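Working notes for the structure below.
Order of writing sets the labels: A, B, C, D, E and F. Residues in every chain begin at 1.
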Amino acid sequence: MKERRDPDLLLFHAPLLRQGMTTPKAMRDVIIALMPATGASLWFFGLSAVLVIGSSIAGAVLAEWLFADRASRGESLRDATGILTGLLLGLTLPPGLPMWMAFLGGFVGIALGKVIWGGLGHNLFNPALLGRAFLLATFPIAMTTWVPAGPEGGFFSAYAGNLALPFMQVQVDGVSSATPLGLFKFEQEATPLTGLMFGRIGGSLGETSGLLLLLGGIYLWLRRDLDWRIPVSILGTVIVFSAILGFFDAERFPTPMFSLFSGGLMLGAIYMATDPVTSPVTPRGAWFFGIGTGLLVMLIRVFGGLPEGVMYAILLMNAATPLIDRYTQPRVFGHGVEKKS
Amino acid sequence: MSSDTLKQAPAPSSLRLVMTLAIAGLVSGIAIIGIYESTLPTITANKARELREAVFKVLPGVSRMQALVYRDGRIQAVTEPEKDEPVVYGGYDEAGDFVGYAMPGAGPGFQDTIALLYGYMPRERQVVGMEILESRETPGLGDKIYKDAEFVAEFSALSVEPEIVTVKKGTGAQPNEVDAITGATISAKAVVRIINETHVAWAEQLPAPGTEPPLAGESTDDGATP
Amino acid sequence: MKKNESYEEFVKGIWRDNPVFAQVLGMCPMLAVTNSAINAIAMGMASMFVLVGSSFLVSIFRNVIPKQVRISCFIIIIATFVTIADYTLLALVPKVHKELGAFIPLIVANCLILGRQEAFASRYPTRLAVMDALGMAGGFLLALFSLGAVREILGDGALFGVRIFSENFEPWIVMILPPGGFLTLGVILLFFNWFKYKKDEFLADVAEAERSGN
Amino acid sequence: MENLPWIFISALLVNNFVLTYFLGLCPFLGVSNSLETSARLGLATTFVMLVTAVCAWVLNTYVLIHAPYLRLICFIVVIASTVQFIEMLIKKLSPALFRAMGIFLPLITTNCAILGLAIFATNRGYGFVEGIVYALGAGIGFTLALVLLAGLREESELSNIPKLIQGTAMNLIIAGVLSMAFMGFAGLFSSS
Amino acid sequence: MNSILVAPAIMVGIGLFFGTILAIAQRFLKVDEDPRIEKTNELLPGTNCGACGQPGCLPFAEKLVAGEVEPSQCTVSTADAIEEIAEYLQVDAGSQEKLVARLRCGGGRLQANQIAEYQGFEGCRAAALVSGGGKGCAWGCLGLADCERACTFDAIHMNANGLPQVDTEKCTACPDCQAACPRDLFELVPLSQNLYVQCNIPLAGEAATQLCRVACDACGRCAADASPGLITMEDNLPVIDYSSGGEPRPDAVFRCPTRAIVWLEREQFQDQASRKAGTA
Amino acid sequence: MRAFRFLRRNFEHGVHPAHHKKQTQDLPIQRVPFGRQFIMPLGQHIGVPSRAVVADGEPVERGQLIAEPGGFVSTALHSPVKGIVKKVGDFRGVDGRFAPAVAIEADPFATQEVDPDAAPDWRSLSLEAFIEAVQMAGIVGMGGAAFPSHVKLSVPDGVRIRHLLINGAECEPYLTTDHRLMVERPEALLEGAEILRQKLGAEETVIGIEANKPDAIETISRHLSPDQPVRIVKLKVKYPQGAEKMMIKSVFNTEVPAGRLPRDVEVNVNNVGTVVAIADYFLRGMPLIERVVTVAGPGVTYPANLIVPLGTSVRDVVRFCGGLKPGTREIIMGGPMMGRPVASLDVPVLKGCSGILVFTEEQTARRKEFPCIRCGRCLEACPYFLNPSRLARLSKARMFDEMKAYNVFDCVECGCCTFACPSNIPIVQLIRTAKDDLKNRKESDG
């Protein structure tokens, strides 16, 4: 047999096999997991939800596209992280927020939270939360104006606030309501648990239904896309903390279940705090991160001036992540083992 | 030029160092006292005017005032309160009759300490005006405690019995209830709390209505009445 | 010739060696008081007064002050000027003084001012020292003003208290809050870098063209 | 006296010297590239702050009642002398520490956080104990901010931050984000 | 009137008090340190590059003051700065010939053969680990810019041919690129030595030229023509002995059939770049 | 407690790659015909290269010594064929470099047999002589690392070996050489094990086999005589079960301290292939001149388990297996997790080469790299509990010195991290680069 020309051989360092899971797939999984909660927000808030979430995704994607260098422009869009950031941000916004603000939030979140750090995997703060923190500091009134679920005109009508002209003020809707946490903090008024679990309460688009968020979390856990330690430790800390407080003064402090299902805790603990890029990489670090987040959440909610503190708690723990990582390196195999005599 | 500064090795004596410092101190002391003395009258006048304006604002119908302190078990008028001594201002009308107290209070707000002045009429047991002197509350939210006319107006006739309470916006019906500010509940509550605390602190010390110290000359009132 | 030299000293402080953008000095007052343009200018003027005055004095006495206590002497001189500025502002514009609050005395601790004494005024003749101080303070003022203007325009919709947008403009409150200070300055520095980078690129192109031309 | 916890928390978190008052930015931006150095500098600054608080109280109580207009110049001179003294002490006791701090030890003098502490404490009329607590809160808050930033900066060395942003611009933006996160502490313990 | 006296009195009092304390402290806490060390350190460039063989500038300053090293051993400083240090310390500046880093390989993409395709982390050392990175020549430059990244002084840039071009003006002859090169191709050579062998292949004849067009095939013509002792063949490569006394001449270059030996005036590979521009 | 020990018969972390062993696990071992030219590099093992003792043109017999050990950590080399030494010089090796080797041209008419009487009587040898005999037989670890076996057997005074552990895990995907050896030559395995056990004075022999080779377990059990102190341990299927220290952890639940050897926990570990080679030498007189190689992978026409004389070129082996399929992109020597891709088909099969795998476009196309998102999968894969994510990022930033603090030198390059990485970052390569750089600098400093 005549010898053919040798093939062009490829040199690639071992190992040459791969597990099959890739980063973009993981990102897509998170988006899938968020679908039930997104669906619920559409159910409750109708067109408004579409407008707000759509604008924040548009802002995020535009920033991603604008600041990417020519070579990686397509790449950074394909890995779906920009869309995920926009979606997460959108779910934390109040339904009546002007579209331009949601857009700005998405844009700033990606620009300050991701692009300037060098893109995916290099940022140290959660971009979605950064965008939200920016919005909350910039437009405190619009960001804390909550509307009761369901615009008056049915599914296809939007809140007037959504349609404010760019850079212009919000036309406040006639009725505004408060979030369960706000009600509890300022009016000592507890919202029934069923409302918290199934929606129909004032709050941001994605936080109305705790149960659906939990469902997505379970999906992610099954797909192994999520470090289960973080949500478990955050939620656990919150439960324990509220239980202890409740032990001292059940009237004044919220019950564990209320703490668990109110506000953005579910959304934050399952989807934001677990952002792998900005949470500790070491398993022990993940516990510290979760416990720290839980404590800060309760600190701000119970003793702070704000009704809700999940966002700040996660951002603060993001800032502490490099330190946590550094001091929670696992014990290396064979280290610290006494030689058998 | 750098090389010859490098070579000046011999260290000057300690005495010279100390003397240089002393002379510098002397000269600067003189300069500072000079500027201080020359600006003092203007500054004092500015401060007095500011205070008076604030007092007149929180106590409607008042045109004269004097500082009052609690000394030797009673409230008395002083020309200049001592440092760190709690003080209230008595407001008097054109005729020199006592109208009410302007009471300064301070306490932690949302962001930082809030300092305020409120007018209190002991006879009616009512707060009749409130002015924020100092605060670093969040612009756009917390700063409504002085920017929101509606909120400030809440304090124009407010009963202190049994104490002032903050209620949700639009629900205040009782004379001792203040409508909170949407989105800035903490700041609003802080204002009310400061007033309550100040009121409690002074409650025992203020004399019974009608026995307030009379206007003691015009000395503290530098040029209020033309 | 002489004139050129002092002009040089003046100009370098304004742009090339701008204390804030290029040297990153004097950040504390820079960020703390620039929530409005007027405050920024007041702070800039006060700093200019202190810097020029102390540079002048330090330069005059530069050969008299022993090396070992020079820093202490500089500080005393600076603190004196600051106290003078403090009281003058308090007497003339009490409102602005109240806004600037504790940051006027803090001019003393502005590393720019002490740094200029140490690096320049204590080594060069009076004339150059004053020009340098004017340049540096001018640059500082410029930086303060640009930051203050940006923050006031976005944060309040106004400049020098005059509305420049329509009534309905939604102010960006973060701009007049502390984070806004950091972020705005960061973004301005980014532009400054970008500008320098473009210029360097341009110069490199020119040099390249020259080399290949030869 | 019951205000003490609030004073501490306020100086530590709510009104963090670096992140909301912009005090001590020079070392904040300069030294924060290494975690170890920044922790040491933070502790040194905390120590100097404590000393300053004591000095300020002594000056306020015994000297400045006679001449309030000398406040600034007295503070700065006393602080400068104290720092110089400490500098000598460190140089003598631990040359390694001295070398690690480098030029930043004398810079503590021009660290406005120190002077700011003295001035704020005086403006607020804090007494001796309150002053000490305030200094402790401010110093630990300063250290906290410094250490957090240092950790973030060390980590960001591994990121491929675009060349244009590297350096001060990036540090300022990180500081801005930190400052934004610290806004969450607003109102802490003030309502209870 | 009283206050007018109080102010200066307090100032003088404070000045005296702290002046005295510091003066006393100075006496008791004084650390015996040569002030010249600090000053010298200030005069040094402060790059802490280690080109001088010391771990940093401060240790170098200490050695300078101790007289253990010469100022000119700091290859980073400008001549003026070295002069200034020498003058300050009152020592001889010493003379150090300007050294630059030269690459002992001329086989870029256009010259050297590739036998397989490398994929993975872009870096020479990383590629060398994977069966030699696919380059046919096992001794030559891999062209993945480890040296460019390692250079503290921005003196090395990869040219279009995939070879590192050393900017002789910026090069301070620090050992960074030598340490970075997995094939150990960098040499620190005096700038004045023009004749240079740009190949590292210990093979002879066709075995060598099969791998690379500009490989030295060990024909020995350069050695035969040069003045005696100047060029000798060792391990199939010419070695130039500048101390032999014979004068190096550019003729050797023209005798070389593969252009493995070159005559360098300034930067390496300049002619290659221009030639490529001409042909392409 | 003892009842639950089976639960702990495992090490922590690790990964579960698909084993891909179906292709060859049931194919009996065949012998590859002798080719024309054999290249025997002098540095086939870890340690000092051997010293050639033959010259150009010299005739050699099959099994004749052609190179003697170059030092203690070095072994002898023997001619794989009867033929003529063509050249002693530089040839390209597996690592792409040129290295000294002996090229032998085979005598096409020779019967290529080994003299069985050359076998020394192991029972009469003293321990030292036995160890020297192992060295002179050129026997090295056949699992892939090619560490000279006699060094492992040389136990310092005062150290006792209680357990002889025979490594039959073969956790690398695709490879079936040890599997086939265990199935086809259980007697040789047990004989070799007995020789080693007696010489080491160990109490028992433990054979660790992954649970996915039931036929191997069954065959060996069948050949066991009840009086032999041999125990078979079924191990969980998990990579890298076959790594020495991991297997010790699995079998004895003991961690070998970092920087120490198995002998410090009274264990001696040998690969199945090594043990068979010992038996072949001491019972049949054949030094290490050939080995079993699995040729597999989607790019090879007829996958096989082959006995290949050392020095045979990959080209010859592949040709015997029916050549390469079109679209072949990658040829690996060893397993897919730790093996080396080769740059040319002319490189020879060496002592440590357990497999030749041929991959096509389909396998190589899936390695697109994404940025590290610090998901932590590598931390949960690393059997050494390192932080590969951080190591890789440090290495990318060229901060090699900082990597020491993260125990970079504890990495054994097993490849779990890279396998698990969803971003396809070549972590092992980055770590090796750093190690290489650090070692290089240490040498130049010293």
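Methods note: a contact is a pair of C-beta atoms (placed from the backbone, for glycine too) under 8 Å apart; a residue touches a chain by one contact, two chains touch by 3 or more.
Since the model is a prediction, treat every value here as computed from it, not as a measurement.
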Smallest number of contact steps required from subunit C to reach subunit F: 2
Number of hops, subunit B to subunit E, where each hop joins two touching chains: 1
Chain whose mean Cα position lies farthest from subunit D: F
Whole-Å gap between the CA centroids of subunit A and subunit E: 50
Distance from subunit D to subunit A - Cα centre to Cα centre, in angstrom: 33
Geometric centre distance via CA averages, subunit F-subunit B, whole Å: 85
Separation of subunit B from subunit D, taking each centre as the mean of its C-alpha atoms, in whole Å: 29
Interface hub residues of subunit E, defined as touching at least two other chains: 3, 7, 10-11, 14-15, 18-19, 26, 115-116, 119-121, 126, 129-131, 133-134
Shared-contact residues (touching 2 or more other chains) in subunit B: 17, 21, 24-25, 28-29, 32-33, 36, 110, 138, 140-141, 186
Of all residues in subunit C, the ones touching two or more other chains: 69, 72, 76, 79-80, 83, 87, 173-174, 177, 179-180, 183
Residues of subunit E defined as touching subunit F within the complex: 115-116, 119-121, 123, 125-126, 128-134, 138, 149-150, 179-180, 182, 202-203
Subunit A-touching residues of subunit B, taken from the complex the two chains share: 110, 138, 140-141, 168, 180, 182-183, 185-186
Contact footprint of subunit C on subunit A as seen in their complex: 112, 134, 137-140, 142, 164-165, 167-170
Subunit F-touching residues of subunit A, taken from the complex the two chains share: 1, 6-26, 79, 119-122, 227, 276-277, 279, 281-283, 286, 325, 329-335, 337-340
Contact footprint of subunit D on subunit F as seen in their complex: 393-394, 396-397, 399
